[in-house]
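Common to both upcoming complexes is chain A, partnered first by chain B, then by chain C.
Now for the complex of A and B:
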């Protein structure tokens, strides 16, 4: 999952650094991701994983790192499986 | 009574790219139907106007100061007054957050020129901190 997230970040995150150089815990906003770019990352994730982030997840902390995004996706998948 | 100020700057090209990449998905998730209507010109959607509205939403978030609340962008709506100026209308979780923090009387100004769109929001705040953390 982390590799797929990195691909989406590379495609939509408009990061000024190579996403492959960032650790899974690196703060994406500190790395240069703007709030508008985070919208595009969210849309890319929704398209790729065929999910929809609910309103409660539309907050900065969900998109602040690769690990945070992975945790949110796992949570959504678990909810969908119930 | 204190004042809070929020501002944001958006590169219009990024909005144009979002429209190209995500089209309706982008519009539906970020903007209200009214906002899309206000940004629709005879020759299509105007990215400059959309960018100014996105900047307004982010500027408003800076005034609302969410901690870990999820706030959908559609809960912050930019409305064009018939007399020409713009106003912010909050709903759902954005409205609740404003109430919790005592934030009232939001005033908005938006502009775009060249590559950028910008917005400034000023609001009155009757509380120093949200009630949940006082």
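Now for the complex of A and C:
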């Protein structure tokens, strides 16, 4: 899942650095992701994983690192499985 | 609980007194001469109103946020510029109170603010960022001995020359990305303001907000510990929108009151006959009640969201909510003032009658520019692509 997230970040995150150089818990906003780009990342993730982030997850902290995004995606998948 | 209620009432009563006895008397000269409302701010200082929101454990009155909002409304009814200076100061105080994170320097600072009734101005906008408060160009430049410096080109600094302290947004370090920001509080003896323009605007003339180059040197402990992104979403933006909209409501309410007085005077001249302006006043009342409903519901939702989990204020749906409050209130307030002008006619248009509403109209016309509505719509348009329930 982490690789797929990296791919989407590379496509939509408009980061000034190469995503591959960032660790899984690096702060993406500190790395230069703007709030506008983060919306495109969210759309990209929804499309790729065929999920919808509920409003309670649509906040900065959920998208601040690759690990945080992966945790949110896992939570959504578990909910879907129940 | 009852102590807070008493403190709340005491603040509202004090500020209403200052509004009626001091701000109202000087409102015309503040407006005409584009001068700082020094009498009003001095009277607020005397009543310890500048530190009302500081928690009691740090020496303040610990009033509720609702009381602050009511105070802005009361001042707005008598002098828009005084209300704006008070509101902007309280935005900075509330930001520090909510985000100081036990930092000892900031706790001590708030105690001094109580003792000395210090006035804080903010330096958030910057030349070259297109009005986006979430990005900075100037940065904290560490000097290596525990101190830092900055130089920021600010297109407007409201009452900067009259403030004791400045809260400035900056990039965290010279290497940081534009969105990686912090706020720094500097005192008058730590910064200089070099004006870069004049101040002769259409309205809100008493806020004295020319452009400035701000330069400062300060110990690094004066950097607020919380990252500005959280400060902005959880406090600075929603609090600004709520306090501003309360004072705009105050200005619009006074314009309505003047129109009502005008219609009643006409009715008294011809008893038993409804003046033609009475109907227009009724239409205007419904416009005012729309504004009031939006402003009050915004306040209630903010207080509820702050009480259960402040992180909720960072959710996109919530950001959209408070952006909408700002857009709606900033468009509706001048509409009400213009309606009042329509009711009062020429005596409303003249600047020296009891029914003058020119200042009200001009002051509320600044509302859509204070963080341009166009800019807020751009943010909303982006958030709407992903937010689900709005």
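Note that the second predicted complex is superposed on the first by the 82 of 82 C-alpha atoms of A that agree within 3 Å, B and C clash if a C-alpha of one lies under 4 Å from a C-alpha of the other, contacts with A are read in each partner's own complex, and residues count from 1 in each chain.
We take it that contacts are C-beta pairs under 8 Å (C-beta built on N, C-alpha and C of every residue); 3 or more make two chains touch, one makes a residue touch a chain.
Just so it is clear, the structure is predicted and the values come from calculations on it, not from any experiment.
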First (chain B), second (chain C), both or neither: which does A:47 touch? first
Check whether A:55 is in contact with chain B, with chain C, with both or with neither, and answer first, second, both or neither. both
In the overlaid three-chain picture, which partner chain does A:70 touch, first (chain B) or second (chain C), both, or neither? neither
Looking at A:30, would you say it contacts chain B, chain C, both, or neither? Reply first, second, both or neither. second
Chain B versus chain C as contact partner of A:14, first or second or both or neither: first
Residues of chain A contacting chain B in one complex and chain C in the other: 34-36, 39, 42-43, 46, 54-56, 58-61
What residues on chain B touch chain A, complex-wise? 8, 10-11, 14-15, 17-18, 21-22, 25-26, 29-30, 54, 58, 66, 68-73, 75, 92-93
In the complex with chain B, residue positions of chain A that touch it: 12, 14, 34-37, 39-40, 42-44, 46-47, 54-62
Give the list of chain C residues in touch with chain A in this complex. 134-135, 176-180, 229-230, 233, 311-312, 314-317, 379, 382-383, 385-389
Counting only contacts in the complex, chain A reaches chain C at residues 16, 29-36, 39, 42-43, 46, 52-56, 58-61
